[in-house]
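Listed next: structures, encoded as structure tokens.
Both complexes shown next keep subunit A, but they swap its partner, so subunit B is in the first and subunit C is in the second.
On to the complex of A and B.
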């Protein structure tokens, strides 16, 4: 009897489980995101959208980003992704989602009306969401995501501290930067802080100068294994860090500093220069609303090649290819990235808008950051990326230079050894 | 304190006390809803775990049925699987049962999370319960369920206290599984309220600390109420009956 009851219960569960209906089109859209600081503004904009169009947009927040990513992967497996969502992962994971038929190709929408939608957005931000012809992921060329904001990493200066040292203009060359740093040191001000305890920040800063010293073709050739890290140009890049150390430019303990701590140092006026991303506007405002600071591009050391900074899409959304409300979801994203809504997002959340037309309405500091967008680049749009183990060896080598453990030449040799090993492993 | 002063005023007692942070945390973090949800989840899950774990542990300890050891070791082995490792499978299963985004689904999953440890703890306790007590109860006319209810459960009070404390703490502080299974913010537990104060790049520390203080109070109360059973429960088995 008991066995029969158990069997019946199991059968009922299985029958119920199989009774789900395929999703039907409706006047509602569901959006999942991870941006705690933008949730309030998203909710407000969703209400406004409903008033204007009658389409109800439900915004659901899942934070922190790690939990959000797990939810997205689980929902993808269960085929219950929302109409709009973001994929917080490397490009190859995005490619996997596209291959699985979970992301809509937005190219036609972007190109409609003489590419009106695409033109309104920063090209560098769109590039992050674009798969070019012949991409290594085997994805059909096209645009698969919509950037809702952009970021870039630049240099910041404290106006008050610079004035104390008698500095009236920001440094335009590396030499001027060193001279200004020494002037700051003379009046007892620490010149420079950054979160170089985090390897990606070092990667970002060092690649700016690598592009400036040898040009992007040679950088990419190194990644392909055609140029060695013992090449004089790479040694020149590494020597910058020895120079910054020797000239006393860096704050004490910079190689153990996480970016949050570096941000505190700059916000609390413990250093005059900082290297940080445009998200810092929010952070500094929270820590010290009276901080008087400005933005400038890292000072180039060479005039031979342009200095490129890291930048591109901050956060992007994609449209679920299996959604019955695909058209409504695309219409909402068009509306969200239109000038008016981008102004609201930029003003209320202090992020750089992805719509270039919205720049006229943003704060002075964000406008200064936005000027760097045209010289920005990002690993996600490079034709080739360095092996992660080689990158790690390179960045850890820089840390070793800063603490005086190794010379630039030694680091160059060490990194090349890792590169050779990784290349050999790939060949086999 | 304010977000500006928190980085400069490092004294144990801040120069300027700002109790308004508690009010902000309560309203901005929507704590009223989340407190209610967490209370419901904690009570239901802990009751569920105590009920199921004590029945299961009693069965593993006192009854004879085929595959008893294998099933027990399967429960114990489940403790070795980290929760995130089962996320995808769990989400797919709950979705098929239409239990995602429901309180019931979340409660079931949380009961499942706490069962293995609780069964192990109680079985160890029941194993050491003298057979004579059971025999005496049987002579008095008790069946298996009556023995569990009238003899085993009262004796296992210290172990149950430990289970209540551990699981209350785990459910009260749980957030990851809630994020996975629940979508509607009105169903989320208390930890969701605390997330509001932590942005990707900046954190509202004073309000977050106020929220954390409020979130910790109920669990401290539970701990204080059951304190006398804790040491007894942890050394359970040394003296039974």
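On to the complex of A and C.
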């Protein structure tokens, strides 16, 4: 019996020993991220920061990004978030993190010294991390995150393959794009590839043209339920995909193709055009260092409204509001986004820097990408976003058009049905 | 020893046993019972994974009953299971029967047949993606299967296997069966080897032919193993999803959706954790129900 009592006491001691003390301030910062391609550079910069300031920054990588997102949500529930982390999710989830008191408001820091920190960063990148006055999420207006790089999604072209088809300039209109695609087909080259098995890329491409065809006000009015998806303008957007299918522009199997495969196809010169984000520069370099390619904005189909591309903060970090090392974490992020460190990040990882002064250090191809920042937009800065279930129906509908299963009109009706159902559910 | 002392000894003995299983019991409670109960609790709520939960009673279940995509995904999983039950298990049984005989290189075959199950589903998905690749470069098929069909004189059979709703799910089911038949093979082979050879000798003496021996000796003796293999096949096939993600990403429209990919989509795409939990509860109940029916059926067959 004595042995049993001893065993019980040990178990109780173990349980209580596991209950940790509240975190104390220290000279150590913990950062969690998901960027496999940047981990090495982050580690190097962390070592340099320790040499300069004596503050030890532990960088921990959790990939892939889906798993990272789940980890962040689980850590938030258990209240064990690190000092610095990123929220890879929709704006309303970021708002939930802020409401739960897990994110520091960085507005005062950004505005200190005549807004020096904010001024050093791209406006579009900062906008992703900003909640404006009167935002629909009920968040106190302010800046809650620090962008460490910027990104945008544009069209890429393979110079060698275009030359083979006798194409000397990149297409400036949708009509030219189709003509060039047919010229490519005539010499046996697949015109276009993209990772449309990842639905967000399909959404990104379609919303470029939605803005171009009907303007952003009408797009947002649709999201608010004031315009129907059966509207002729939305049918025009959907018809683009039927047209791309009918003209044989798309690579076989595009609707189930992950972006990694699409990147491989373009890098291995299996397609002449690709739709991809600026992160691809690093990916293509790893896959085929000799790939000769350029960047151009998706070719507009209409002259009525500007074609907008998706872009903004590529990756952002937030500071844990419950961290005892909040000030040290903010100081580290300031240092990380300063010109010198941003140049290192841009050069070593081939990503567009968030610090505008560091832009001079980027490669020619990244400079071409950076020119698109002025015409960029992003769902995270839109005043209203579409219901996720409606979006899913829209994206799957486009897939159905591409495989020839449904017409644009049928998809418009199907999406509107889901929209009506969701609107009714919200009213109730 | 008087009765009081005896009772004390029994109590002490029981208590000791209880403490020995306590760590395992605690782990089971923390990692199985608590998440299970929490999942049921969450299924009655609207929750995005962070922030406040709103109790909505049976609303998630009500919505689920009318969710056609969910029930379609169940039909897809059922179709994959049906192919696995027939094609995969028939193949596994045939190969197990072959390897149970005195044939040359028996051990080599056993190892070879067990390679697919030990491979990661992601790896299998990637390999089959290459085999089924529908693309062409410089007039040549990149995918192995289409290349083979083309060069063997069947160019009309060259196809976009994963991009066509008519073939995508069947192809996934076949790949799943290819990956899974090794488990059934090993279990069925182990079962065959436990059958006493005297039964076969007695059947031979009675003048039974090969088919009669198979139906009257092998099958009845193998029923317990077949039941286990069938139940495991159902459970494994209904829950397939990694293979689907690695072969068709987020799916070919909704033609390749299965319950687990729907649950995943509810959690990650639409952030509806409560709804995802309701889906998981219903799915779990269906699996338990199917397993229970299978067990009852096999008991009846055994009695007959």
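Everything below uses one rule, namely that the second predicted complex is superposed on the first by the 390 of 428 C-alpha atoms of A that agree within 3 Å, B and C clash if a C-alpha of one lies under 4 Å from a C-alpha of the other, contacts with A are read in each partner's own complex, and residues count from 1 in each chain.
Keep in mind that, in the parts below, a residue touches a chain if its C-beta (ideal position, glycine included) is under 8 Å from a C-beta of that chain, and two chains touch if they have at least 3 such contacts.
Note that the coordinates shown come from a computational prediction; the quantities given were computed from them, not determined experimentally.
Of the two partner chains placed by superposition, A:52 touches none, neither subunit B nor subunit C.
Contact with subunit C, but none with subunit B, is seen for A:261 once the two complexes are overlaid on the shared chain.
Contacts of A:114 after superposition: neither subunit B nor subunit C is touched. By the touch criterion stated above, A:36 is placed in contact with subunit B alone, subunit C being left untouched. In the superposition on chain A, contact of A:279 is made with subunit B only, not with subunit C. When the two complexes are overlaid on their common chain A, residue A:65 makes contact with subunit B while staying clear of subunit C.
In the superposition on chain A, contact of A:198 is made with subunit C only, not with subunit B.
Within the superposed three-chain model, A:75 lies in touch with subunit B and out of touch with subunit C [touch as defined at top]. Of the two partner chains placed by the overlay, only subunit C lies in contact with A:270; subunit B stays clear of it.
Across the two superposed structures, the residue set of subunit A contacted by subunit B and also by subunit C is 70, 73, 77, 268. Interface of subunit A with subunit C (complex): residues 1, 4, 7-8, 11, 66, 69-70, 73, 76-77, 89-90, 92-93, 96-97, 99-100, 188, 190, 197-199, 251-258, 261, 265, 268, 270, 388-389, 392, 396, 399-400, 403, 405. Note for the complex: subunit A touches subunit B at residues 13, 16-17, 20, 32, 34-37, 39, 60-65, 67-68, 70-71, 73-75, 77-78, 80, 264, 267-268, 279-280, 282-283, 286-289.
Partner subunit A is touched in their complex by these residues of subunit B: 3-4, 7-8, 84, 87-88, 90-92, 95-98, 100, 175-176, 179-180, 183-185, 195-196, 198-202, 204. Residues of subunit C that touch subunit A in their complex: 12, 15-16, 19, 22, 48-51, 129, 133-139, 142, 160, 162-165, 168, 247-254, 265, 268-271.
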